[in-house]
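The chains carry the letters A, B, C, D, E and F, assigned in the order they are written, with residues numbered from 1 in each.
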């Protein structure tokens, strides 16, 4: 392979890394917009820490677990060792002009690590929105660190790391299951252990708890869509012109169809133009297309996105009915649409087996759910995972951070002097 | 001297202010309040659930005035602040024991 | 006629409202206020410094009512708005000289 | 017992609070209000048009106190809240029919 | 052409696609910042739907209308058929290593479609700001869909699709006229049919209606500038090093000059430092340079940007005088500066004919204006285009969406329970 | 060098230019979030103008000063002339297929200019946060223009322009010193001349003055991190696959470590989870790694980031103790961590001289500090640099811009009619 092609391939993966990075800003803004004002600092803090924790744990543990190497091909678990590095033989091959010595010349080992690390951090972020407004900060950070260090890479290894699913023709292009449904299943487990926000479900019925800023939420969704071009486009694992541009088209069409069908269905249900549903519909379409963006036709992409969009309002209402309190809709978007997208590959892509799509999808979700449930439960009975009722009423910003997200009335002399 | 508190609709403020100005009342204090009353609040939709806000945003005008002007002011507010729909609000009049203008220390009627 | 002003905790509002509703008071006006009092405000941290906010957010309920209902209302608020901790707030009752319903021009008790 | 309502400038709050504290008043309720009065509001520019905001942000302090302290409090506010420019605000004093401390149910002077 | 060059060319166009995509976030934030709080959800909803509608209609209709193929060269109108696809002969040529089989090897057909689709959606977005705060949501969405499906591609075809203007040496590099003035003319027509916001113009004079968030507006402008590097840079239609970098320089200088001169002129007019003018001045400079970014010198770029910036405050005030109520300044930025930029090519680029610049510019604008006026008028007399006066006072967020953009006082127990 | 490699190299530098551009949005949002509501329009205005002024002055003066050419190699000062252009000999070489005629084929002269211009504007922006909430707008703009036109390029020339430091093995990869510490030193000088905000330090102690929006601040930091991939990654000056990907890894790890250690240390100090410290910790880690991102190992990058993060809370508190009032922490982030990062190269990179790192760092800082102090002082005694006390209390938005950042209560009829 020529130096030129290697360089452009690698460049695209790095640009895609930047795009996936900015998804963390997207998640932060989306989640901040969908929680109440009094919990805004808390959600921002969690998101800022998760990207840091995600990168660090993936560096030390995750990468080695997810890509254990050929020795573990077809297996369930393996470990290649701590840290990330440039293998000496790759460096030598590069020096000798053999640019396809690693990853078919798609990228360098460094690129590989950082691109994958961004994905890992993304997966952990999915949980933070679902458990917002009542989880203890410390418990959440421990959960997120262990989850991203261990659970995510293990199921990732099953497919992307050359494990047992990869051998059986399971197809999950950029992670409808491996990233989104894994995160969504963890979110569901966490919410089940944690319980609903105070006042959400009572004998009087379901109390809607609107988020505090629709501009932040909308901004988050646009940024996520933007980043998704790197998430899906980068998953081509080279700058292959036809391949990447095709993925851009399917991804865009699915997102657009998701918006329109979430709108239509939510309008049919509640006779209003519900922005929060359209925003979630876009994300649903994006999650849905993620598994098959490389193999389904544009028309199929439209269908996948449309169905994902239509699922969103139904799923959101359904989860509320069964008292799964998920302030940002993470379970609907990432878990439900992740499953749909993975199965859809079996429907729309001629050469993929629906059965193996289902087996892959559900075994991965089962693992993530059980792991997360057990971990959350262990934290619950040890250090405790939920803030006190009083703290929840006050808001986590004050009780956990002694800080407010917005200082509204600076002009009123509301602040005293530093006491320490 | 009296203090008049009038709870009115946001949408009537312009008319009320103009009506007050015409009878010579240009000074007052305005507060944003929430009214719980006969009128139902707006209904909202969020993520598939319809719900009611149980209050309605209203404005409260506080007007200090001398006794003889009270009736004129009340009349002006009633006629300019009325839509005839439930929720137009209330006017309450209080006796004032004392008024002082901070700038000058003037008291009573001179302070208004 | 009387006007009752009650300063209460945010967290007691639901209980107070329910208590009032039970004795037939459904109409009132709500204000966001800041209370400076015995209870210390929240303490905050910003960029390494700890400091106190010297006030606490509170709600003020204004209730217009006839004289005979005052005691019942005061009792209802005291029992539903009490936590026993410093900072539960105050209830003040004022005489009202006049009340007018803007919608109808009705006066006095009829206006409430 | 009396209730004192003082409308003051934002920029005078610190001084007023200190002055009140010196004469022993540490408890009060603060409200954000808009003052319409003699002083012109700020003038603003937006997209090439200059316009006036017709109100000025002000603070209202509500102080409950016993009758004998009223004069001292009024004097303290007048001297600490005065700039001499138009717009310093007003102090109004009302008779209070009853005061109750929610925490204890204490009434009258004991409640303040 | 080598595979490598084809790959890097195509990569740049895809990155540019991402950058143009993020302009939609820029428009959303700018418009949200410039409307009142009570209409914020509405403007966000419109912007989220427009990108979806724009992509879908362009997929089904727009692309076929805009690039009807050689049979319609020099013409006014043509249609290549529905949908976007990879022509079999291109796929074969690629397989045979002939990478310049399509678009001189600048990009694949998929890239072509998605890059163009993003442009189309941009054009529709321009209208949404101008008609904000009083247009009915349904009517607007129908207008936007028809406009972006039909009007935009037809005039686009005249130049970029090889139509009659392309044959006559008209030069509009990235769309000062074809995108911006087309959108601006539609905005003007829509505002004329729709009328001003209640209370804006009365016998008492002009009532300024300030936008509710300057941070959102500023964010929008920075994001638009950012995206413009893709808009103009991508219009080189390859990654040509000198070509793209030159466009980056002219684009940057024009934007900077626009900021400075909008500041100077607005200071001269109103003796204050008006942020909203500086923000519009940046956009004016960007719109102005868009037609000639590839052919004018850096000094000319400075002049074009400076004059565009200076035009902004004058134009904004002028439109207010003639009672064209445009909350975000879309007509000044996109129409007036779009015309200026197109004509400026005739002035500053030696080999371009001023006359043909003028003919092209005005014939395109005329088409867009007449089409939009007629369409808006038709909607007005059929389904109605304006919300009721009461709804306008309440704000479109509550009347159209039953939702508020910001939940300020969660701590006050302001919400009841779901009634359905 | 092949056309292909040249094209991909240049493309990366242009993409990096976009990323560095978006750092200006990052700075704007960070600074807006950290000031009080009443000074928000002012800080947005300054940031919008600085990028414009930075680009323009760099075009006219800065670039010629910073890259005076070989005649001034090893020197302290030189000037290559006004403006930026494509040298005729380079154009000819390109035409002849010699793509390494300029900058070893890393990029075109146009790219060179625009990439460097974005850096220059960044440096000026650092000052704006530190002097926020009390500096006169006019004085600040003059300061920023002169600083970015003259001071920044002169010290830049010492190293990147081939001056005396470049000859002595000083290593500052992407500008821990040349950009960040230079900006930070100017910020420190400016604050010293200007004084603290009214009420900040009194006999009662230090009064914390919280910023008005944590979401804006967090958004700013995420955007800065995003942009840093262009800032550091672009400083490789080519798309070299191993080089750029390695820089991505070190940069990411340092930022993550900065977040975690700022959290730990600030928790140790004030027993709370201080979001503002974590945000500054991320930036500290990024500034710290900037000098050595290409030469230190991933483990060293972790150490550099961790120490930078740990420095932040200590430094912020220390500056408050010595009454340097810096609302956004620019001195801690850019000056202190910039020094640390530069020295760290001498510690962690085997072949770099600690002594020359120290000499380079401190001589550059000294120049920037003295220049800025003198310039600020001259402005103080001539046109005045500080708004009146009354204006400071009112807020600069009203006193300098006659505008409010947020129109909260549109529904209350708070606005009159235009009086002019």
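The rule we apply is simple: a contact is a pair of C-beta atoms (placed from the backbone, for glycine too) under 8 Å apart; a residue touches a chain by one contact, two chains touch by 3 or more.
Quantities reported herein were computed from a predicted structural model and do not represent experimental measurements.
Visitor: What is the set of chains touching both subunit B and subunit F?
Guide: Chains that touch both subunit B and subunit F, as defined above, are A, C, D, E.
Visitor: Could the interface between the copies subunit A and subunit F be described as same, meaning over half of its residue numbers are common to both, or is it different?
Guide: The interface is built from different residue numbers on each side, given that under half of them are used by both copies.
Visitor: Identify, among A-B, D-F or B-E, the interface equivalent of C-F, where equivalent means over half of the contact pairs coincide by residue number.
Guide: More than half of the contact pairs of C-F reappear in A-B.
Visitor: Centroid of subunit D to centroid of subunit E, CA atoms only: how many Å?
Guide: Their C-alpha centroids are separated by 51 Å.
Visitor: Just the number, please: Cα centre separation of subunit A and subunit C in whole Å.
Guide: Chain centres of subunit A and subunit C, defined by C-alpha means, are spaced 45 Å apart.
Visitor: List the centre-to-centre spacing of subunit C and subunit D in whole Å, with centres computed as mean CA coordinates.
Guide: About 19 Å, centre to centre.
Visitor: Which residues does subunit A have that touch at least 2 chains other than itself?
Guide: In subunit A, residues 2, 4, 8, 11, 15, 206-210, 213, 270, 272, 274, 276, 401-404, 411-412, 415-418, 420 touch at least two other chains, as defined above.
Visitor: Would you give the residues of subunit B that are in contact with at least 2 other chains, written as numbers and ranges?
Guide: Counting only residues that touch two or more other chains, subunit B contributes 17, 30-31, 34, 44-46, 49-51, 55, 94-95.
Visitor: What residues of subunit F sit close enough to touch subunit C in their complex?
Guide: Residues 206-210, 266, 269-270, 272, 274, 276-277, 313, 316-317, 320, 329.
Visitor: How about subunit D: which of its residues touch subunit F in the complex?
Guide: Checking each residue of subunit D against subunit F gives 11, 34, 41-46, 49-55.
Visitor: Report the residues of subunit C in contact with subunit D in the complex, numbered from low to high.
Guide: Against subunit D, the touching part of subunit C is residues 2, 6-8, 31, 33-38, 55, 58, 60, 70, 74, 77-78, 81-95.
Visitor: In their complex, what parts of subunit A are in touch with subunit F?
Guide: Residues in contact with subunit F: 2-4, 6-8, 10-11, 14-15, 17-18, 21-22, 24-25, 28-29, 32, 40-41, 44-45, 47-49, 51-53, 55-56, 59, 83-86, 91, 94, 99, 107-108, 110-111, 113-114, 117, 137, 213, 216, 400-408, 410-411, 415-418, 420.
Visitor: Residues of subunit C touching subunit F in their complex?
Guide: Those residues of subunit C that touch subunit F are 44-51.
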